[in-house]
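The structure appears below as structure tokens.
Note that the chains are named A, B and C in the order they appear, and that numbering of residues resets to 1 at the start of each chain.
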Amino acid sequence: MENNVVLSVRDLVVQFTLRGQVLTAIRGASLDLYKGESLAIVGESGSGKSVFTKSFMGMLDKNGSIKSGEILYDGMDLAKFKTEADWLKIRGHRIAMVFQDPMTALSPLVTVGRQIAETLELHQGLRGRAAKEKAIEILRDVGITNPERRYKQYPHEFSGGMRQRVVIAIAVACNPEILICDEPTTALDVTIQAQILDLLRDLQKRYGLTVIYITHDLGVVASVSDRIAVMYAGDIVEIGRSDEIFYDPRHPYTWALLSSLPQLGERGEDLFAIAGTPPNLFRPIKGDAFAPRNPYALKVDFQYRPPYFDVSPTHKARTWLLDPRAPKVERPKNLDRIREMGGFIHE
Amino acid sequence: MAKKERWENVVPPVLETTPGYIPDALFERAPYDPTAGEKGGYSNYSYWGSTLRAFRKNKVAMFFLWVLIALLVFTFVQPLLPGQRDPNLINNDPETGYMLKNQPPSSEFWFGTNAIGQDLWARIWSGTRTSLFIGVVVAFFEALIGIVMGAIWGYVRKLDRLFTEIYNVIDNIPTTIIRMLFAYMMRPSLFTVTFVMCLTGWFSMARFIRNQIVIIRDREYNLASRCLGTPTTKIITKNLLPYMVSVIMLRMALAVPGAIGTEVFLTYIGLGLPVTIPSLGNLINEGKQVMLNGTLVYQLYYPAIIISIITIAFYMIGNAFSDAADPKNHVE
Amino acid sequence: MLKYVLKRLSAAIVSMFIVITVVFLLMRLMPVEGYFGGRADSMTEENKQRILENMGLLDPWYEQLLNFYNDLIHLDFGRSVTLQPNTPVVKILGKKLPYSVGFGLGAIAISLVLGCSLGVLMARRQRGFWDKIGTGYIVFINAVPPIVYYLMIQISVTAATPLPMLFNERKPLSFVLPLICMALGPTANYAMWIRRYMVDELNRDYIKLARAKGMPNNKIMVRHVMRNAFIPLAQYLPSTILFTISGSIYVEALFSIPGMGGLLINAIQKQDNPLVQAVVLMYAVMGVFGLLLGDIAMAICDPRISLSRKGGSR
């Protein structure tokens, strides 16, 4: 297993400076990414999932920086990278990204074909005709019909779903090892979402990619991911195989997150919602960040930050409830119905 | 400052190590308070409070604010001080009876005298008062007419098309030309100068107000707000007014240096104030006439310095305020 | 594309028509002394009436208006009254125009180069050295009335260097100061616009995508940022160029350049109504025309406009 780790993040801390105040967006998160897998990072808005993955590419906004921790990739520590030249070795070349909103992700004044071709020029050393032919081939690969004609068109002549295919084509044109998909379907129509996810799965197989999905949509997670990492307030609170997270969740936050699945709602009752708001990351957090919103919280949660407790070799969670001294706490009953619903997770 | 240090020196909570021994008593269920979860969030946001805080952090703007306040206070206090002269009084030498013309700055005449022996010190402060008066009046009327016309434009849907067309035509003509034309047609006076500036200044304000009103009707967050049953008055006061007020204040702040500049311009081309009313424009003009004589250049420098300070101060404060009023720049 | 241009053109012609009419009607409100040329006091009422009648100013206003349109079509702006008595206005303008155009083009060239470079430098490192210098410059130019710094430059530079104070056709050195003065304002504007648009562009998603795909910053700047930032600029460019070449009112008067701007001031001071009317009209038409050109320039640069007008998919 160890040999298969392509990217390893250790105790990463990312901070932003906003008008003289410091916001700690990532609070010591750790993660191992295995070759060829697809990992989903889930969490509510502001949990830091985007920032976390952006830090692998040196794409943090100017006021943000990695304060401590390591990002080990191919014998390098990306957290130590300072210059633009360093990052250019990684960006696109080794790790590529698909953005959330395809409507704004393409340069409006450059033809779609050109935008793919210039990527090929950067990373695959193709020039002129060769780049154009390869670009047309990739356009066909991502499911765009009549790619020769489409090559010459501008982004505004494409629909949203088609543009997202182009954005994916650009990422593929980089020929990366790792592909980060930041909410790849959020901005799309529901009918298009499934097509795009199919396309991504298909490309993952064909190009042997390792894929990280960032999403807050558990439906997307269930349909594409091998493993799931649950993020809350800048830290990964639980991580495990998809079936482990869905059928045997251990962190109260994961319980709450799963309980909010509309499929679990009872007819005639309000849907479940997590009470309260995420903590203010401008302030230091004591203990477990979720404690104030957690109906199952222990006194220790307000004092000390829990370490990871292993549930299985592939499954661990950061909660004191897993400590042997903790009282036995049953998870909410309705979560058992996820297993009954069956077929929810792709195998 | 103290606040900043406090956050910066926080050891990343991540690296806080868990002690080896934790008393068993801590492994008890804690009482659950559903409201506690709200406290951690980003509550207590106050638009004006944050605007004010953001503005105070802009040191350059604060500096100019104090300079401007000092200047304003002094302008109004100056005539009340002992030993001040009438700005239009022609000073004669008590012994010879001749005009004390073009006297260099001295203990008697702090800023010297001009070509006909008037006290430049008194004229500059009197001119500053005139120019500020014009600026403030113009800013006020621009806002008043602009808001009223903009409200009509936005509310009466039938007029929208007509007003928009009229606006497009007028917007095509340089305002300088419109002002010159009207100033040319009317007799030079304080009223004329103020009038021609009010004539053109309100257009953009009216357009802004009109757009805001259209936004009340159509913008999605307001629609959402209305669907949730928020009364229109609350939508206006909470969603719209803060932004509107801040833009109106920005425009008023920028209208003042604009008006001072236009007065200088109109006076320069001979359409401005008569020389009997000292204004910064008149003073610049008088200074220009003697500037070729190296020893008299001070007659140009003093008004030029004052005018620069005032206009830059208004401009900086206006822009800093509009930055501060932008919620994107608010923290917490 | 063609349809769009024609639509904008017709709107501009309507605007111009309205502008011309309004200027004409306003001119009827001007002091009639402007038609007698400083001799108003010594003339008898009879003489005055005769002059006005000869100029057609006693006809009903609608007849005057029709005559006015007719004259305009034949490029007849009447004759100067006081400044150069009895000379056709067109002839005076014709003599002045080359100076204004020459200086205007020079100043525009300078300010385009300086302004765009400054704007790019400012946007590249926000809050950096150039950004601070540039912001200070822009604030100064925008806040302080131009005449103030023109005068300061005129005094201090001529005192410190052998540059002459007034314009002289035979001394090329005398062109330097007016050119610098005329370029100051547009330089600040271009720098401000370029900076603002580039900063806007830098925060766009497609710039993030370009970075994410590993494009070096320099290439991103040239291929994506500048290209996109230039479009909104294209809209303003024609108006600013037209106004600069139509003569700076201040600078021409200050340096005694015999151009259009100086002419306007002289005409106003001498109350030469036909001349004022002609120059005002010219500036107004220039404004309408500049905006029209700006819209067309933008349509040419931006594929989204031209194609959407063809009924393409959006």
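Heads up, the rule we're going with is that a contact is a pair of C-beta atoms (placed from the backbone, for glycine too) under 8 Å apart; a residue touches a chain by one contact, two chains touch by 3 or more.
Bear in mind that the values here come from a model prediction, so they are computed numbers and not experimental data.
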Ask   = Which two chains have the most contacts between them?
value = A-B
Remark   = Most remote chain w.r.t. Chain B, using mean C-alpha positions, is A
Key: Chain whose averaged C-alpha position falls nearest the assembly-wide average   = B
Request  = Could you tell me the distance, in whole angstrom, between the mean C-alpha positions of chain A and chain C?
outcome  = 53
Key: Chain centre separation (chain A, chain B; CA means) in Å   = 47
Key: Where chain B and chain C are represented by their mean Cα positions, the distance between them in whole Å   = 26
Remark   = chain A residues touching chain B in their complex are 11, 13, 15, 18-22, 24, 27-28, 67-68, 235, 275-280, 282-286, 291-307, 320, 323, 325-327, 329
Ask   = Which of the residues in chain C end up touching chain B in this complex?
value = 11-12, 14-15, 18-19, 23, 26, 29-31, 139-140, 142-148, 151-152, 155, 159, 243, 249-250, 253, 264-265, 268-269, 276, 280, 283-284, 287-288, 291
Note = The answer for chain B against chain C in the complex is residues 168-169, 172-174, 176-177, 180-182, 184-185, 257, 260-261, 264-265, 268-271, 284, 287-288, 291, 294, 297, 300, 304, 307-308, 311-312, 314-316, 319
Ask   = How about chain C: which of its residues touch chain A in the complex?
value = 204-206, 208-217, 223-224, 227-228, 231, 301-304, 307-308, 312-314
Ask   = Tell me, which parts of chain B touch chain A in their complex?
value = 3-4, 7-8, 10, 12-16, 18-19, 22, 24-30, 32-43, 54, 57, 329, 331-332
